[in-house]
Structure formats: C-alpha cells, structure tokens
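Order of writing sets the chain letters: A, B and C. Residues in each chain are counted from 1.
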Amino acid sequence: MRLSKAKLTGVLMSALGIFAVACGGGGGGGGGGALAAKQILHFPVFQDPKTWDPGKLDAEVDSELVQNVFDNLWRYDNSLNIVPDIASKVPSSSNGGISADGLTYTVSLRHDVKFSNGDALTSKDVLYSWNRAVALRGPYRSNLSAIDGYTDVVTEGKKFCAKGADPTVCATSVQTALAANDPKFAMKGLTAPDDYSVQIKLATACGWCLAAWSLQASTGSIVDHNAVASDPLNWWSKPAGDSAGAAASGQVGTGAYKMTEYVPKQSIKFKRVANWWGSPKPTLTEVDLDIKDASTMPTAIAAWEQGTYDLDGYGGNSTQPVADILRIKGNSRESKELLLKPKGRTTWVSFNIGYPSTGGPFVGESAAAKGLRKAFTLAVDKSALASTVCHNLLCAPATGGLITKGLIGYLGDGSDPLGKFDAPTAKSLLTQYDPDGSKTKNLKYSYNAGGLNDPVATFLQGQWKDNLGISVQLDPHPDASAFIADRLLGKYTMSRDGWQFDYNHPQDWYDNLWGSLAAGSNTSGYADPTGDPTVQPTYDSTLMSADGKPISEALSLYKQLAISQQNDVAYLPLYYSVGQFLIHSYLKGAGSTAQADFYWDGISILKH
Amino acid sequence: MATAITAPPLPQQEYAGGTVAREQVSLWVDAWRRLRRNKLALIAVFYLGLLVVMAIVALFWTPYNPNKLGVCDTYATPSGAHPFGCDESGRDSLSRLMVGTQVSLIVGLGTAFMVLVVGVTVGLVAGFFRGAVDSVISLIINIFYGIPTLLVALVLYTLLGPGLLNIMIAISATVWMDMARLVRGQTLSLREREFVEAARASGARSGKIIFGHIFPNALGPIIVQATFVIPIAILTSAFLSFLGLGVPPPQADWGGMASEGVAAIRFVTHIVMFPSIALSITLLAFNFFGDGLRDAFDPRQKR
Amino acid sequence: MTRGTLIYIGQRIGLIVVTLLVVSFGVFAAVHSIPGNAFISEHLHGQDLKDVLHQFGLDRPIPVQYWDYLRNVVHGDFGQSFVIQGQDITPLVLRELSVSMELGGSALIITVGMGMLFGVLAAIRQNTWVDYTLTTFAVIGYSVPSFVIATLGILVFGLWLQDLTGGTVYYKIAWDGTYGTIGELWLPAVALGLYTSGQVTRITRAAMLDVIQQDYIRTARAKGLPSRVVTLRHALRNALVPVTSILGPLVVTIIAGSVIIENIFGIPGLGKEFVRSITAHDYNITVAVFTLYAALIGVANLAVDLVYTAIDPRIRY
C-alpha cells in the first residue's frame, strides 16, 4: 500500500516537473533508429574523484559515476521509484518483507549476482558492507542509523579511526576487525539467516529507511571484501582486477560497468562488465571521461557542439555557463538537444533564529522577530529573481515550500506564503516592529562567493533597499568551506542556505535541517533545543512520529511541519535549481532525474 | 612582473657644484622642461588626467546604478541608452567601467605609496647603516627576488581575505624590492659625498642626515621608480581579479569584468572588449608617462 | 674554473637552499592558515570533521606539521593530495611541470628570438619609422595584459578564422594529449611571450646602440669591413651580454604569466594547478609547486650568471 502511494506520488511529481519547466527535449527521445557500430560514450567531467569508496563518498560528482559500478539492494529508477536491484523484491508489509510492527525487514537476495571479478555475492557481503560503512564513520553513515546496534559500531569505529595521524591505520584496523568477524563490529540488528537472505531489525520504526538504503553509491552499496582487503584505504582508486577470491583487487562492484583506467587530472575509463548478471543488458561497451578543469566548461560545450563529446552535464556537472546556455537556447537546432531538469536543490536565506549569542533582530519566536523575518521575506520578488538572475533557465522561483518540485513532500506551486512577494505588507510589518529603524541597522547578508550567489546577493540587497528602505551590507566569503563551518555554528544573522536532497523522502530535509536531530548542522537554529525552546518540543515530537511512519501516513505530518515553519517564518525561500544537460539527439536513454543521471546501462548510441 | 627589468637600474645623479637646494631646483625645472617636449608622455598625462576625472565623477554620478541588476537585458549589445552594453545580470557596463576606474587607480596609486614607504625606509636603512643590517636586508631582498611574484600575491591575498587594502598589501609584497634596492644603492653612493660628510662632521643625527640630505637627493629616481610600480600594480590586480580573486562582489573592477567577458566570448564580445581596452590603454599611458619621466630626470638615457 | 668561481657557486647554492627553506615554510604556514579546509561539507562537520583533521594530523601546531613535512620531503615523499584522496602528488606535479615547461620554453624562445630580432632592427635603423614602430610595439607588448592578447587571439583565430586554424584554438578542449601540438601551442606561447619580448627589444636596442657608437666598431668600419658584417659580428655578440643578464628575471615573469595563460586556455600545467590548489586547500600541492618554482628560478639565475661570465670575459668572481 505504502509503496504504491509513494510510486504514484513520484510519478505525479515528475510529471508536474516536466510541465512546469520548459523542457527542451533532449535525450531519451531518439526513437527506434539503428545502433551505431561504436558504442563508446564520451563526456567531460570537471573534477577528480575525492573518493569512490561508497562507505565514505560525500559528493554528487562522485556518486553520479560510480552508481554505475556499485549496486545497492534496491535502486531508484528513472522516475525516482524504488525498484529491486540485488534484492529480489522491494519489501513491504503486504508482501511480508516488513513485519507488522515495522521493525523487521526480511530481504531475499538474487542468487545470480556476481561482482565484476567473478566473486559471487552472498548475504555475508551485505553484512560486511553495511557494518563497514558504519564503522568507517563516513558522512552518510546515518542512512543506516535506525538499525539495532548502529551506535555501538559507530563508537567502536571511533576507537580506531580517531587515533593516529594516519587514515591508513583507521581503514586497515576496521578491515582487520571485520575480516576477523569481530562481534563488536557487527550491528546486532543485521543478520544473515542463510546465504541469500538478510534480516534487518530496527531499533525504532523507520519510514524513510528503505529510501536511504537505496541511495546509490553510498553507505547502502555492496562492496567486495576481498577487493577492499587488498588495500583498505585506497582500493577504490585502482582499476578493478579480474581475479576473484583472495587475489581480488581494485574497484570491484556488482554494477554493469567497471573502472578500467584512471589517470588523475586527465581521464577515467569504464568498460562494460562481460556477461553482467543484471538487466537490461548494457549497450555501451565503454564510457570515456575526460577530466577537465572547471574553468574550461565553455570550451567543453564548444567541444560538445563540434561532436567531440556525446553529452555534457553528466557526472554532477549540470550547472553550465550561462552565456553558452543562452546561446544554445537561441539556436533552433541545438536548443532541441538542451535538457533542462529540476535538480532537487533549493536555495533560501536563513535567519539567525536560535543562536542568541550571535544576536540580531530575528532571534526567537516573539511577534517582533517573526514580523521582521516576514518583512524581509515578503520584500523579495522571487519571480523577478528567477528571471533576472536565472534568466528563467537556471532556476525556478521557490513558491511551493522548501522541498523541491518533483519530490515527495512538495507542497504545490504557489502554496508557500513565504514564497509570495508583497512589498506593502512587508513595509507595514517593518514599520510596526521596527518603527525607528534601530533594529534593522547594520544588517549583513553572508554568503559564499561564486556562481549564482553573487548576483543573488546583489539582487536581495536591491530588493530590501527598494521595498523596505533598508541597506543591508553584503558579506561575501571567498571560501565555501570556511563559510559552511561558520554557518553551521550560527555565526551569521542572515546567510545563504540550501539543501540538495539525498534520497526522495521528506525526512532527508526535515531531519538534516531543523530540530534537535539537526543540532550541530542547523544554520538558523530553528527548533533547536538550545536556542529555540518554544518551537522545539512540538516540532521534534511531530518529526519523530512522522519519521516512524510509512510515507502514506507520514506525509500529512511532514506537511504539518512545513506549515509550522511557514507560520514561524523559519526561512526566506529563493529558488529551485535547474540543471542543464546537453545531449545529442543520437543518444537514446540519456537524461536525468531530480536526483541523478540516468544509468549508463540504459543508454545507446544511434547511427548518426 | 616586478622585476629589475621593468625599470632598468638608474645611474646616479651627478652634481657639478653649488648648494644642494640650487641643484634640486634646477633638476626639477630641467626635468619639467624635458617632459613637456615628450609628446607621447604628454598625451599619456592628459589621458590619465581624464581617468582621474572619470573616477571622481563616478563617485557622485554614473548613468545607472552600477550594481543594480536588470536595468537592461542580459548581454544587451551596445545601444544609445547603454553605450557599452550590459552584462550577464543586466547591469550597465559603462557605469561599471566608470566605477572600475576607481579600483584601478586606488590599487595603482595605493600600492605605489606602500612601496614608496616600505622600499625607501628599507633602502635608506640598509644603505646608511651598511654592515650587518645591510647584509640581512639584502638577503631578504634576494629571497624575494627568488620567488615568482604572482604566486606570492595569490597566496597572500587568499590568506588576507578579500578587500581593496589587502590587494594592495599582497601586491606591494611582490614589488617593494626594486625600490629598496634602488634607494640602497643611491644611499650608499650619496653617503660618501661631501655635503653628507659635512653634515656628519657638524654633528647631525642619523635621522636628519637620512631624511634631510640623502632622501631629497635620491628623490628623482625614486619618483620614476614609483611611477613604474603603478602599472605593475594595476596589471597584477587585474590578474588576480581575472583568476577570481579580486575585489569582493558586487564591486566592479576591470579585471573581473574582463574575466566575465571571456566566459561569454562565444556569445557576445562587447563584455570582454571594453574593460580590456580600458585596461590596456591605461597601462600604456602609465608606461609612456613613466618612460617620459625617466628620460626627463636622466637625459642621458634618452636616445 | 677558478677557485673563486667555485666559492661563488657554493655561496649561490647556499642562498638557494636558504631561500627554499624560508619560502617553503612561509607558504606552508600561509596555506595552513587560510580559513577552511578540504574536508568540510554539509554532511561532514562538527566532531566528525575534527576527527578527520586529526587523522590527517592537521590539528597540530604549524611548525610541528612543517617539521614532519620536511622529514618526509627528505625521504622523497611530498605528500598526498587532500582533494583526490590517496593520490601521491609527485607524479602529478612532475607531469604538470613538463606541460608548463613546454609552454614556458616556447614562450622563452619567442621572447628572446622576437625581442632580439626587433631590438637589432630598431638599432640599425635608429630614428627611422622601423625604429619607432618596433619600439612602440615593445611598449604595447609589455603594457597590454597577457589575457587581453590571449582573448584577442581566441577571438580572431578561434572564432573568426576558425576554418583556417582547424579549431585548434580554444575550441579544442585544450591539449588532448599531455602535450600541445604546435597548432595548439602557438597562441598561448605568443600571448605569454609578448610581454617579455617587449623588454628584450628595448634592452637589445639600447645595448646595440651603445656598441655601435663605441670606438672599436668605428675602427672595424675604418678597416673596411662591410657595415652589415660589423653589426652582426661585433655588436650582436656584445648585445648578448645584457640580454643574458635579464634571462633570470624573464623566467620569473614567464612563470607568473603562465598562471594566467594556462587558466585561459585550460592548459593542464602547474600554474593552473597552483591556483586550484590554493582555493581547494590542497596544501601539499601549493607548497610543492611554490617551492619548485623558487628552486627553478634559483637555478636559472645561477646558470644565467655562469653563462654571463663565459660570454663577457670582463667579469670575474
């Protein structure tokens, strides 16, 4: 029941997405032409991998590539529905996969799954991979946090990993402990009744777990313990070896492709895995990537136009240079090959609500603080922002809540009262709560410089000046990492904020951004136990209860949270990002969801 | 960029006799007379004067608010209302170019001033006290000559953080050595001369000798050297901006504008064209002016 | 080689070593003090981030870290990249160095070749239109920023004359292989070399005029040697001396310029890497590139001085 509802929502949402953003066509519509003789896909990426180890992977640009190398028990299809991958079916309460209390998942694995080196995949590999991901304490370990025994393994992992000044020690120690079946490194809720079934017992009920475990190239992905053992820290950086068993080495996964060559700063090559177990059988024999510097993105577009590249924008690089996109948009032939796709990324302004030590007029939930937040919010014309700054190509105005269009939890176009533009009301709120202008003097808007952030900041400054008569100082930070660090500490009065969803579930937004669960990563401090105690208890209890329920029941609770945020003016919504993909019309099956590129295994090259 | 070759070592001034004051007056009068005869230098001075006027006008008035988005269409080509066209965010390019003049001039003159203060002080100290002090200073100068200047500026500016003053500090750190070396050489030679000997014999203090006797006599070459610092500073700051490390947005500056223009070059060319031209002509003018000034102070250099 | 020369070389090498130590420590301290780091993200912050920094030893005092770094360097280990985890930087930097050397070397050839040619022409046609044109061209050369020249080149040869150049300029994703072909290389090299060539022109011209007006040329002329031979044989040889003397600073200037040029043309060399590494907090790369360039400049200066002695017999140490 629950899943069919989710599926329905997903389909509905993506349909909405396609209608709303003028979609230029692009890949997938190739029709039934004959295949080209050479099935080698060639495209540029603009950074080297930080890490391709699913246990530690943290960047979209990395997961977009190795989602084709590693599999999870389930995966997202091109409409963002969860479908079986290594598991033979998606568990639900109706098919018996999930117990009545929602605490026990029984997963049966396919019997024919093999790693690219020939190693057969069994339930032991699932246990190994998940326990390893938790023990390594990577950034996405909390995807597995509902499993019984999770906290014990995290604590155990910390003993190794936080010690020496050497990451090798950490990786090797964890590997040794896992290889020795050290019970301290095994989550007690994760067991294998037999070679092809896995039982997952949760500590608390969890409506979002399946969505999180299915997140591609992340902590839910299955890796080959033999290959990892060959070099526990950097196994992923070497091409996949062909030997199975103890001699295995390199980046071995169960996906349709395997990495065969990586020259830092130059190129990466992937080849089709022979006799791959899955379906559909991949057509592309090889995927060749050039690693280019981000400054050469315009050059890459030129190369795409000349036919050097088959597509551009894959691999997490769908934010293209504006001038070139405008140029292509104006070219009748090329504009057909431009795919604009909402990317599940929302940008907003955070007020300092819950950090009294930083101060500012927006702190707390008093009528005055809320009123001033509302004044600043209503004074910004979000549609004008999208047309002036984004040329209605790079983003769409955020008028339907924080969760972007196309995802579960989207509230509907124009439904967010904070997404509206109402200068008179804004002005009167300001006069009401700050009659002499003393509270709103010397305000600063802080942001990390670069990309759209600069024009957006200038735009906001102009809006506040024009509609409220307030001069807000701009405070650009050249270094994003330092900015993020300070933002998470609540050091700014007003700051650029944003979120790109990880998996299609409202929990991914609400848990990570506000409430006590987000403590330590809560920019505004809204509903944070230390700084915003009036909101926090209700917020948290609603959130906890929503997180424990299947999505069909949880949706209304999440909506309740959204409405309370809107009433409390917890954010100033700005825009939803749109990705730009350039896909030659001879490519069949290429495209993108709001989350990720379409898998390579569905792409083929037609005669052209 | 800041290397010995941008300003060839200047020969020492020679003095035929008479009082110090007389010599100086005649030196300045002669220099001015010679500069006036140099047409290129005069044109350069005229242009630079216009530039200063433009920078001052831009303080009070520009055709549009240079930072306001959407005053015209994205990448609008030059027209009557917007003679230099518009940029990616629909800002008026002419207004931004005018405001950018301020950045270039402030960076150029400010850096020259910093270099003047640091270079002259260090050079005078090294040349006057000689010995161990001189050795240490010379070693430091030599170390600075041994590192690539733009790289120093890049690291330093990233460390200091964005801001006009920090740009000047970062650039000064890469160009002060020429000035210090020049002043040191001048001081070494001047301190042996009769009038300095005389001052010392009459019991003058070091400070008085340095600033009362040595500095005024080295002033000509110092001014020429400082003039050459200006284009180097403007160029370096344009380089920094071009690499995305310029003045913080939304402030307009020529290097940053050119950099935005290069990214759009396959779509429109006017964005990159105007700041590039402005920058080139300004640098050319400063170099012509500097050459003229050098020739004026030292006619034997002129051929 | 005299004893004096050997002592001189020893001193200079000593100065290079001192420079390298000072410079590497300075840049090490600077980049480690720049706010931010290569690890933080929306998902990795707070205590987790501290743990990671601790693992990499980045939470220790900078002098301690530097000492550790220096010890590794002595053993030939220049560390790993923080951005591409697990990647030793040595092969990376060496490959990029070779790319930059190809570009810089070509620019140096253009600089010296063109600069000296123009300088000689201007001198022997002193005070004619040839002279005026070439000297004005020289000033333009070192006034117009290299990125303006590069942009102009891209515009003309990459866009307007695209068919003529076969798309090798700009359109081509710069340098398909590790190295550029002549078609890909010439424009970046010219844009890089023009600035310094203007200076070489001026110096060559001045030196040539100096020599031409000297007595022994007049004597040679009086002896009846044809004037062209005189110019080339005597004057050119003497004009080489000042040009050689500025080769060291020329290398410095070209290195600085390559940072810009590599970024415009997307050339995968050291200059580009350097800029990226600073903003990405890839400390080991920044320090290595910086120190490498300082070493290069030191050695170049020393070599130039030694050559200088060889061609100008008046100088002795």
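Keep in mind that, in the parts below, a contact is a pair of C-beta atoms (placed from the backbone, for glycine too) under 8 Å apart; a residue touches a chain by one contact, two chains touch by 3 or more.
Predicted model, so just to flag it, every value in this text is computed and none were measured.
Asker: Compared with chain A, which chain's mean CA position is the farthest off?
Answerer: Most distant chain from chain A: B.
Asker: Could you let me know which interface, B-C or A-B, is made of more C-beta pairs in contact?
Answerer: B-C
Asker: Can you compute the centre-to-centre distance for chain A and chain C, using the mean CA position of each chain? Integer Å is fine.
Answerer: 43
Asker: Can you give the whole-Å distance between the Cα centres of chain A and chain B?
Answerer: 49
Asker: Would you kindly tell me how far, in whole Å, the mean C-alpha position of chain C lies from that of chain B?
Answerer: 22
Asker: Using the touch rule from the top of the page, what residues of chain C touch 2 or more other chains?
Answerer: Correct list: 34-35, 263, 279.
Asker: Which parts of chain B, given as residue numbers and ranges, touch two or more other chains?
Answerer: Within chain B, the residues that touch at least two other chains are 158, 161, 244, 265-266.
Asker: Touching at least two other chains at once: which residues of chain A meet that condition?
Answerer: 302, 478
Asker: Spell out the part of chain A that touches chain C in their complex, as residue ranges.
Answerer: These residues of chain A touch chain C: 44, 48-51, 58-59, 137, 139-140, 158, 161-162, 164-167, 170, 233-234, 237, 264-266, 290, 292-293, 295-296, 299-300, 302-303, 306, 308, 478-485, 488, 499, 512, 520-521.
Asker: Spell out the part of chain A that touches chain B in their complex, as residue ranges.
Answerer: Where chain A meets chain B, its residues are 298, 302, 321-324, 326-327, 384, 388-389, 391, 449-450, 454-455, 457-459, 461-462, 474, 476, 478.
Asker: Write out the stretch or stretches of chain B touching chain C in their complex.
Answerer: Touching chain C from chain B are residues 1, 3-6, 8, 139, 142-143, 145-151, 154-156, 158-159, 161, 231, 235, 238-239, 242-244, 258-259, 261-262, 265-266, 269, 272, 276, 279-280, 283-284, 286-288, 291, 303.
Asker: Spell out the part of chain B that touches chain A in their complex, as residue ranges.
Answerer: Residues 67-70, 74-75, 88-90, 158, 161-162, 244-245, 248-250, 263-268 of chain B touch chain A in their complex.
Asker: Flag every residue of chain C that touches chain A in the complex, lowest number first.
Answerer: Per the stated touch rule, the residues are 34-46, 48-49, 51, 54-57, 60, 83-87, 92, 95-96, 167, 170-174, 178, 263, 266, 268, 272-273, 276, 279, 281.
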